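Structures are listed in the sections that come next.
One chain, chain A, links the two complexes that follow: it is found with chain B in the first and with chain C in the second.
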Partner chain A sequence: MCAAVVAERTEAPPAALSSPPEPVVRVHGLNHYYGEGEARNQVLFGNSIEIPAGQLVVMTGPSGAGKTTLLTLIGALRSAHEGRIDVLGRELSRLSGGELVDVRRDIGFIFQMHNLFDALSAYENVKMAAQLVNGALPDMQQRCVGILERLGLGHRIEYKPRFLSGGERQRVAIGRALVNQPRLILADEPTAALDKDSTMNVINLLKQTTIDYGAAVMMVTHDHRIIDSADRLVHMVDGRIMSDVVLHDALRICEFLRPIELFKSLTPRQLTDVAEHMKKRHYPAGETIIREGEPGEEFFLVSDGEVEVIRADHEVARLGPGDFFGEVALISGEPRNATVVAEGEVDTYVLGKTDFQTALATSQSFRDQLYRVYFMRH
Partner chain B sequence: MTGLFHFRPTVPLAWRILTYDKRRTGLALIGIFMAILLVFIELGFFYAVPRGGLLLYDNMRFDLLLASDQYEYQAQPGTFPLDRLDAARRSPDVEVATPIYFGFAKWKSGEDGVWPDVFVIGFDPASQVFVPESINRQTGVLERADTVLVDSATRPMFGPLDTGRVVEIGDRKITIGGQYVLGTGFMGLGVVLASAANFARLFPQRGLSIVNLGAIQLKPGVDPDHAADELRKTLGSGLQVFTRTSLEAHETAYWTTRTSVGIIFGSGLLISFVVGIMIVYQIVSTQVSRQLPQFATLKAIGYPDRSLAATVSAMSLLIVVAGFIPALGAAVGLYSVIRRQTLLPVAMSEMRLFTVLVAAVAMALISALLSVGTLRRAAPADVF
Partner chain C sequence: MVRPGSVPLAWRNLVSNKSRLLRSAGGIGFAVLLMLMQLGFEQAFFESALVVIRGLDADIVLQSAHKYQFATRDPFPRAELDQARNVPGVASVRPLYADWFNFFWRSPADGKIFLVRAFGFDPDAPVFSFADVNAGRDKLKETNSVLVDRRARRFLGMDSGAAEAELNGVKVKIVGDFALGPDFQSDGTVVMSDRTFTSLLRGPAGNPSAVDVGVVKVRPGDDPAMVQQSLRKALPETIAVFTKPELIEFERNFQAAVSSAGPIFAMGTIVGFVVGMLISYQVTYTDLSDQLPQYATLKAMGYRTGYLLRVVFGQAAFNALAGWVPAMLLSILLYYLIGRLALLPLHMSAYVALVSLGLTLGMCLVSAALAVRRVITADPAEVF
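And now, the complex of A and B:
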């Protein structure tokens, strides 16, 4: 499947190029350690990631990869040692203990263990979270009952945990996390104890929260049934984000690349590798994307909108979705031979010079195709 | 959001946790019931002991009490010359000065041939120095030669205390002229009142020129503290002048700090208090430990530490209050039994109730403080 691995190793895009909405989570250059002195052990290495509202992010990776540590740092449950974490617009390292508690109140936490109070009913356990948000009592009661009903527990509201199955308990815990409609939901193996139907019920509910009120969901899981529902896959190994794939973009890039003559000779794997290294970038109307005479550093694929190609002050072409530009300077090593300007709002997928040349070296036929294109344009 | 808002779940959650585990909480209640009951009992004894020491004085009329500087308590009063009391009587502040004589003698007419010691109090019957009506209406009896009045609380080992019975005290045949109601306190197992003349007959080698106490009544309107100061200046060294307040302080200090009785009940009180703390701490910290992930989860989702600490405190307070109420009822019953069996003035007073309630709340708060340490182990990062 081409769309399986389209990576978007996120660097913060140049501010001048676009003004996208503030991400719910922004992590930059995050290092973290356990232990002290000689026993100090680095567990996270320079990780950066941004999670916009409305995205269901699934984190995978082997045990000890640092997924849970990253989750606890984003959840303001630990303090980061190096780097910066912004959650819901607040930089965590600048907040006092009390302010961190306030941040946590805006996050929905789903733990692997349900951690319900045995002495409280399902409704009362959910109410423990609901009453963290000030509001009228009837409204709070309605929210508690409503979320339990949506989780298929309408008939178990007054049951204590010991009278519930493992899956039902976990659903109560999920209800506790969702009852306040948090803008960020952090979940660690939330479906580990659930059967297939319950899992799909929970995932659909989480997915619905991303649609209904734009919650961002960050979930650690090994459950492949969930991966199919994810908007984005983040894979961690040894404390590093090794791949970060927006599945919607991946599909779109593959759809664009596949019919292009240049990429036709690539195997699905090679096509995926190219797509894996492409980053999405937005340009406002009138923005110059590349300028004639400047050195070539990136290859561009137009996703949405239209660009104008200008050579010697004359428009020579207009390119739209699926068209690409910028490859000539990368092949020849010569300066840009044209200026490209965004006609309106334009979204592009961008491949860096190094990644482009790596792809070039991957396939002899790809290289031949490129040189053919190059000579056609000259 | 207000700070108060976050305390909303405190009491309900504490209540639900405690009532959910009924067996464990039931055991805790029995434990704290016993601890609080022990505090009541020990405190009852602790305060009753000095009251027992003050029993005689509470039933005497005086504003100042003159005693030797060797005075410890009634049974070890020390002595001083009568003319020192006469000197006090000459003070312009003094209305009446009555000598009081104390002595121990063998009561040779006990049950089964035993010779218990009897405490003999000698005084001038006309002085009306004692308050009980049962004494004052029998002053004529006291004036009779070799006749005494016997305290009704004198133990059965002294044999029948019937009026007219002739007993042998020391080397004299003495007639029991009647009984009076006052209580023996810590004066002995048996106490008799005698006129000064009869006292002199019982203790011929001593005479009446050496006294044990002087009961001084001041003229109306005279400030006892001022008069005491003046007497101290006039009488010089070798004597103590007690006001009622300073006498009570002296007796309380003596019985609570210088006798084994006070130390035993005082340390018993302290141990009961500590045991109470440990019981509550044990129960609450066990509950917190058992539900550490749940408390960590509450921390993680945004409950401030103070809110969870308040929940733990509420658990402690609920246990203690639930244990206090039956302990109070049991203590009232036990005080009654103790009064009957020991003749100590052990009684439930508002102050006693309030003191134990404060002690119980202190138990709860200290144990809560210790349990909060357990709560600190609830690390929200660890629940992931």
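And now, the complex of A and C:
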């Protein structure tokens, strides 16, 4: 229940705090415009997002929110005007036209329209993608047949698109996108034309690609059957990523928050609201998370690992998964009264000062609980 | 990028839709047929003008240097031939009398009078390689006897089997026939002895001491080019000395570049080319427009512009062949029918076939080059 509508405004973490594995997609400070001169219209506003391998990301938002534009920029189909996009370890703005084409070969594209060649059979349409990759001919043929069979089209391999149903055509297009086992798959409403069974077939296949070979899947959709299968939900409105939630993390946040005395009185909806604004942040061993005497800007919940709380050069506490810190300075407005250092590799969920205070204002009981905690610690 | 076993996209695009293929092949084929007819007529026009020259039993041909084409009269003194006979390497020099504008033939069929082409030579010194002419040359020794062209236009009545006819108002005896055929200048031909020729002509044109053509044979083993050089030195500049291939080329150049026929047929061919280009452009443009999302998808997938160009131009080339092959077959049939009807040497030659193929490929590829911009500028982002 708590995880159903979990969202978070995302900002790129400082480089020094990034986790070691290179994300498949890294977008930072992305602005984009359409038109020129007086007709110039900004459609993306300072968006940042990182997508690691093995994640099925579902992007939602109203029409004109910028989802597809973001997808095309990540897919090296457009050039970003401002900001930085790294895809599969390559910064797109530094690449030549030919190199961008090479990047696109490593991406699987699934479009709302299947865009299959009417003149080619299902097998040949898939082969159009397969032949872009070096490899022996028998292997290529095997891959094409294999993916079509996995998509339930083994009996339609030699059929041309006009002899296939809408769902079958879209599955051929999906086969074309997946046949080279790309590390990144970009899909725009891929199941819009599919029935329930075909949709689940496709989603299971996409999900399987994230598991089997760690593909990252970015999918624009309004299909709730897919949303239920997503690892992460990104919601865009008016060119901005308004929320970005890893559903697994949201579940953990809720699990952590629920037993804490401070949050016990919150309704599931209020709990969700708090979780909605928390973002995950990784700290390497020995990294100082907050420093005594500095102004308080964030509230922390430990997800994994252990932190040491130091006051006046003495360790006063150790906190582990489910523990939280940093709330005192946010409530009192006073500087941090302790330093917190990561003992080992530590993952935290972080709530910004504004969001924390918004949550505070939302629930009278939550505010009372916090003040009680505050006075207990003093 | 493309390797063995790759999907033959251009070919598949061509043959997948049979009715579309039929339409495009029909449209392009129609334009090709236009070009083929023009090329065929041009070829027939030129060839018909060359038949007599080709039929000369000559290594070297002498004629007035002032002549701008073979089929004009500009006689030169017969004495020049005597001078030519003394040139080393010359085996024989024989006079040929020829006229295109002064022999009037009364048709034995209906009595109407027509202008015909006439040749005269000494029956003991043959100048043609036409077997029928040489077979009948002894009969030409009789005064006012002639051989007639059985392939002449029918209205001349030369194929009527008549034994007599009238030439320049004089009764002539038809002693045989040969197969030459008309050209664009003459409807029929009459061959006679040199004596008959000069007697039938009056005035200066009938001067027996003036000949129109000197037919030179070179001694076996001698180089015609060397003999030609010697003849040029020996003869005055008013006499042009051609090897037979040179004279054919001279005549062809006149027809192609000087006469109005060349530009007329060239213009006809150009019109066919332009019509074909427009049809081909429409075919290619429509096809590319229909498949623009597919091509944009290929670009998104990572296909380079070069591959797309190869597909589009490949398909244009296939379209060209799909139009050219049926047009060729149809033109062979039309050549045969028109050739029989018009009595012209209209037949498919390797030259016409290759030129028409080149033009067809050219028009399809040029139109593809104009239409392909649509694919090149297709924005793969737009397919999302």
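Simple rule for what comes next: the second predicted complex is superposed on the first by the 374 of 378 C-alpha atoms of A that agree within 3 Å, B and C clash if a C-alpha of one lies under 4 Å from a C-alpha of the other, contacts with A are read in each partner's own complex, and residues count from 1 in each chain.
Everything below uses one rule, namely that a contact is a pair of C-beta atoms (placed from the backbone, for glycine too) under 8 Å apart; a residue touches a chain by one contact, two chains touch by 3 or more.
Quantities reported herein were computed from a predicted structural model and do not represent experimental measurements.
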item	value
Combined model on chain A where chain B meets chain C, clash or fit	clash
Partner chain in contact with A:Ala119 - chain B first, chain C second, else both or neither	both
First (chain B), second (chain C), both or neither touched by A:Glu149	neither
Which superposed partner A:Leu132 touches (first chain B, second chain C, both, neither)	both
Which superposed partner A:Met140 touches (first chain B, second chain C, both, neither)	second
Contacts of A:Arg78 with chain B and chain C, given as first, second, both or neither	both
Which superposed partner A:Glu158 touches (first chain B, second chain C, both, neither)	neither
Touching partner for A:Glu22 - first (chain B), second (chain C), both, neither	neither
Which superposed partner A:Glu334 touches (first chain B, second chain C, both, neither)	neither
Common interface residues of chain A - those touching chain B in one complex and chain C in the other	68, 71-72, 75, 77-78, 98, 101-102, 104-105, 109, 111-113, 115-120, 124, 128-129, 131-132, 176, 188
Residue ranges of chain A touching chain C (in the complex, touch as defined)	68, 71-72, 75, 77-78, 98, 101-102, 104-105, 109, 111-113, 115-120, 124, 127-129, 131-132, 137, 140, 160, 176, 188
Touch list for chain B against partner chain A, complex	1, 5-6, 8-9, 13, 16-17, 19-21, 291, 293-294, 296-298, 300-304, 380-381, 383-384
Residues of chain A touching chain B in the complex	68, 71-72, 75, 77-78, 98, 101-102, 104-107, 109, 111-113, 115-120, 124, 128-129, 131-132, 134, 176-177, 188
Residues on chain C engaged by chain A in the complex (per definition of touch)	1-7, 9, 12-13, 15-17, 291, 293-294, 296-298, 300-304, 379-381, 383-384
